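So that you can tell them apart, the chains are marked A, B, C, D, E and F in the order they are listed, and the count of residues begins at 1 in each.
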């Protein structure tokens, strides 16, 4: 996302010109999202899943529920693991290989939002204290990149988790026995991340890849259904004033319920 | 094994298919806006997506070949594609499939037309249900055409196998695991050449021949589905001929323009 | 949470600090003979050292930018900095902190003055006590000045957080673990801009605003300590002005000489 | 094994010319193997071993029998692990480092042959159900590369396994106790891989490095002593017709017993 | 540490000229150490620690005491692990990343000295036979490099270990229970490594980075308080005669008690 | 240890050797057709093979030295060389041995004759029986000569050690494990220089001197075996002199031709 070359400079100039008219390159208003489409539960081999389109941004979320040993300091608690993979089909410049800085930030920001909201009851994921717990893996798999991955993945994660089930173990003579039963995971909150991007003097929502390329700064604000903040994350090589931060929080507050409603709707 | 003859009549497949019947196959092409070419395939419960990039500058440069393009492939499985969840790091099996996939596709591509270039074929398995390598080749073949790469032929692939001493077509996941043997085939119908052939399990020479022939029949059916997918995107053949494989001159022009940019 | 008001009077912090009081902060600059610039910070029991190298030739070259320097950062923890011992290999958390640290420092550096160059900011955490990212930014900011890198402003950082429904400044390790939320802030006092902002835990909008304001107050105190550290090494400001941030022309001359060598 | 340079092109031309006369560069007939020499059991510290020369191709096979925990879905079964290392002494162009694509294919093809033939009785390798099983490691170590590694390694694997022994455990009070005794592994089949290489219109066996460099396509066929096929693997950037495949299988059928006899002889 | 360039060649010439006068570039005598300052116990979160300055060479030693399973062949013995990290702040040419050859040699030579002297009573580090033992990690963290890392780390290791404590476990019903108590580790020996460097015809102690860059050969001799040798390590691309080796050992014998005294003093 | 004197008479080694007796040593040179030079050594039950490539273009290029060749070494153990099986990934011990091996061989090679070139010395341990680093150096030294690399001298190596307070030569695996100390030596007999010296365990100065001298005696015996191996391949010395080390002019000519190709 470097601004170093001439093409990018021209792009920046053009985007700024259009923004100054109160519109976007694709005709959207500054706070308008692209169409968000979520299909949940379509992967039969995952315990939960969601396919997300946000404009041309396209990704899969897979939830798998496995087992493992708990951490030493929390012997009664299951574990939530979040991972993002930037596949090489998603963008011509993305190479196959281990996770890069951007995919780590993506997974971390969504993960921190889920954790702050205490979305899962980790005690419910306990099977045998100190020995065996459920591990819930949330994997993001980016298929086509056109900006705003955090918001798209955040929404997809909630959709996939709302449909996710965990297998039921019975304890017989102190040993865990896997049964055929499955029960839904208890989802206690629905935190929704909204990313606000500043380009020149304008603040916009749901940036495209081109807009992210020329952005000055981004602030992601994750909100729960009570309007409380769960996570914030500033990135990009510029600063923000206190007033700008307030503006961003307000923009996120205004948009999150709309996105949350679409997520919930998609799972019904 | 002695029950072979006696059981023949009442023998049925777990999903009710005939011995020579494919699973449902659905192919869609042009599904990835950022790729030069792409295709999505569902074959049974397999869900696989393929993106093609190129011909473009070879990376790393020292791997480029002076007289032809390099076809780089990568077969990769999503962590949630199988049960239990798998690590995203490539396994030895993944690397082997990458190799055989490349070897199955290379014979169909006019690599010599793009010296020094690289063509990247990336396959991502979103859900695995037995026969992922064949499904991947089917998607990749369509994605290559969609990318405008000039091709000598489409490559169509499906597996055959032996269960209860019976040779059957296109094993699903459940059959795969209890099967006696597994024999994936890739085939170029116009050129009548086999470009992928692997086998595991015990088979007589006769069974192998039977299985390959059955596989070729399956490939021919898939070939039609691949052509339909391309027709759906690119419209009815101007030539009204049987050929749905790429119109090479057009494809080449498209590519040359691209390179002039 | 209903006890908030009733408990307010007798509420005290584990180390007896007021809600808006920083831990002891000690900064020393120029501690690494081999680095172009360096600083050591103790902030509570945090012990962190930062070395800056550059502007120098970018490595690897293809990552250089034609119109500005690249600010490369690395946040790293010694194996013995935490309990239990940690592996020296970087974790995902380390990589995330590396990113936000770079994003916190970049707005303060005149990167455009050194096209094609690289500036390396390496942070080594010797002992961790909560708020290491903020302490690291404080040290890095001083080390950049010490290296003669022209800066628009110093960057000062500290965290605020919520414990027992009360917003307090600069959480130590013990408070960090039992806190309801954590909100690190980095701030450029002269330019009045926030360059790092993260938050975890549940907070209302009002609490967030309160926390950011409290964080800014903390940053302003740290700013003075940073200036003192620089004054101690470089002597009293000739200008006698409030400005302890680098005298840019001087710093640039120093750099240009360096590059002429 | 690229054909991209001029030297290689001249080599290809020359090899084709000679093949068209029904002979090879080194005077062999098209279906003739180079001398195959196997010394088995010469590594005293391995549970089984074989040194193989096939012309100038030279390699070691080491069989080690260790212990470990079984896979969850096969708690009563020991494990066979196959690995190939391309040492940098074997060829000027081979670099030290982690396994490359070719060494992975080599190990996989031989491994699949052994598994398809169910060469080991994995239940015999069980020590304590679900807890401790024998793990049989077969390591190929290439010392000099002059083509046809699959056939040479496949033959060497059988020779090394035929001589291999496993340590005997006794179960005392539910705990495994290692004894001084060793017993041979039960080897149930002797699968032999034969690789057929097509260069131009000619099909040859036992290709040299030069011949592999210019080959169009290779088909490896692994056969057991009943003449049944255990594995096939096609590689190389050309296709084969049905008739060509039949021809290859016939060539392999004709040659495998000869190679198997040499392997057995070497272990007696 | 290559001597390949012109600058290095001039440096070598200059250093040799000065050495021929019986002095060093920094005015020291040939067998004179730079000021050695050790602050031990300053890291509150480590079980033992030492900060070492040797002239401008500056490093931290951290001792952490964790737990783990013992090696199979020594079920009653705790484990000592030594690791060195060359941080990128220590020298402009040091890159971040995994341990390089030099840091491995550094850790190995110091480690071998500690082991040869049997500095720890590994049986004392046993908690539950075959199941749980203490693991003592000694980590060297180089903050500024100006030569002679082995001697500086070796001295620092002893200082850090002399102050190190291990947590006490009680065994209740066969299970280990961590108590609040801590007791000092038993340190049985104080091995001190002394590195002698040969430049031209001169033998010097405590080389700077410049001197190491132009050195012909180095011999490190580790000595215990009885004057016995615990480890030797020759490195560098020249040879030594028997007489030269004797001379080196004598130099080390003469210097080790002085360094050991400083180490002990620093911990009191 | 008080039993030292009383036990002296009946003291014997586990394999019946005298205290100053080498294990059986067998060296064969020119065993690898694809290498420029090679040697195979059996020393006791050690079985080690060494291949030398070069002088050739240095890879990677930026590691080349403008005024001499770089001697790259690699000590590597086969997974089946020890009990239990080991991972093929290099351990820290392997990397240390790689370093000391290079440092033992460098003094014997005319590196200055091949500026910018690389010489690769790859050692593969097929079976380990104590003293592998010494056996590796012995093989490498012969392989370097076999590759036509001009040498100042051969390097011969063997270990000495202390068992039951007695200094003995060339410890085997079993002795190695129960020994009190281990002292490997590499030595250039013509130049009378020690090029490898390591020691572990407790020894007095007197014992160390005794051990080094004993090691030198062992090295001299090995030197003869190395010369024999070279004579066997290259025929009797034309000079009939003591020298079996490479005839440098010849070797150089050979190399120069090679580089002219």
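Definition applied: a contact is a pair of C-beta atoms (placed from the backbone, for glycine too) under 8 Å apart; a residue touches a chain by one contact, two chains touch by 3 or more.
These figures come from a predicted structure and were not determined experimentally.
K.L.:
Counting one step per pair of touching chains, how far is subunit E from subunit D at the shortest?
P.N.:
Minimum number of steps from subunit D to subunit E: 2.
K.L.:
Compute the centre of every chain as the mean of its C-alpha atoms, then state which one is farthest from the centre of subunit B.
P.N.:
Most remote chain from subunit B, centroid-wise, comes out as E.
K.L.:
Compute the centre of every chain as the mean of its C-alpha atoms, then state which one is farthest from the centre of subunit F.
P.N.:
A
K.L.:
Rounded to the nearest whole Å, what is the centre-to-centre distance of subunit A and subunit E, using the mean of the C-alpha atoms as each centre?
P.N.:
Roughly 48 Å, centre to centre.
K.L.:
In whole angstrom, how far does the Cα centroid of subunit A sit from the Cα centroid of subunit B?
P.N.:
Their C-alpha centroids are separated by 33 Å.
K.L.:
With chain centres defined as C-alpha means, what is the inter-centre distance between subunit C and subunit F in Å?
P.N.:
About 53 Å, centre to centre.
K.L.:
Based only on mean CA positions, could you tell me how far subunit A sits from subunit C in angstrom?
P.N.:
28
K.L.:
For subunit E, what residues touch not just one other chain but two or more?
P.N.:
none
K.L.:
Note the residues in subunit B that touch 2 or more other chains, in rising order.
P.N.:
Within subunit B, no residue contacts more than one other chain.
K.L.:
What is the shape of the graph in which nodes denote protein chains and edges denote touching chain pairs (line, ring, star, complete, other)?
P.N.:
ring
K.L.:
If the ring is traversed from subunit E in the direction of subunit F, what sequence of chains comes out?
P.N.:
With subunit E as the starting chain and subunit F following, the sequence is E, F, D, B, A, C.
K.L.:
Note which residues of subunit B are touching subunit D in the complex, please.
P.N.:
65-68, 92-93, 95-96, 98-100, 103, 106-107, 181, 183, 188, 191-205, 208-209, 212-213, 216
K.L.:
Touching subunit B in the complex: which residues of subunit D?
P.N.:
That would be residues 2, 4-5, 99, 101, 104-105, 107-108, 112, 115-117, 219, 224, 227-242, 245-246, 249, 253 of subunit D.
K.L.:
What part of subunit B is in contact with subunit A in the complex they form?
P.N.:
32-36, 38, 45, 47, 49-51, 53, 56, 74, 76, 78-85, 88-89, 120, 122, 124, 126-129
K.L.:
Write out the stretch or stretches of subunit E touching subunit C in their complex.
P.N.:
Its residues touching subunit C are 43-46, 49, 56, 58, 60, 62-64, 66, 83, 85, 87-92, 96, 98, 137, 139, 141, 143-146.
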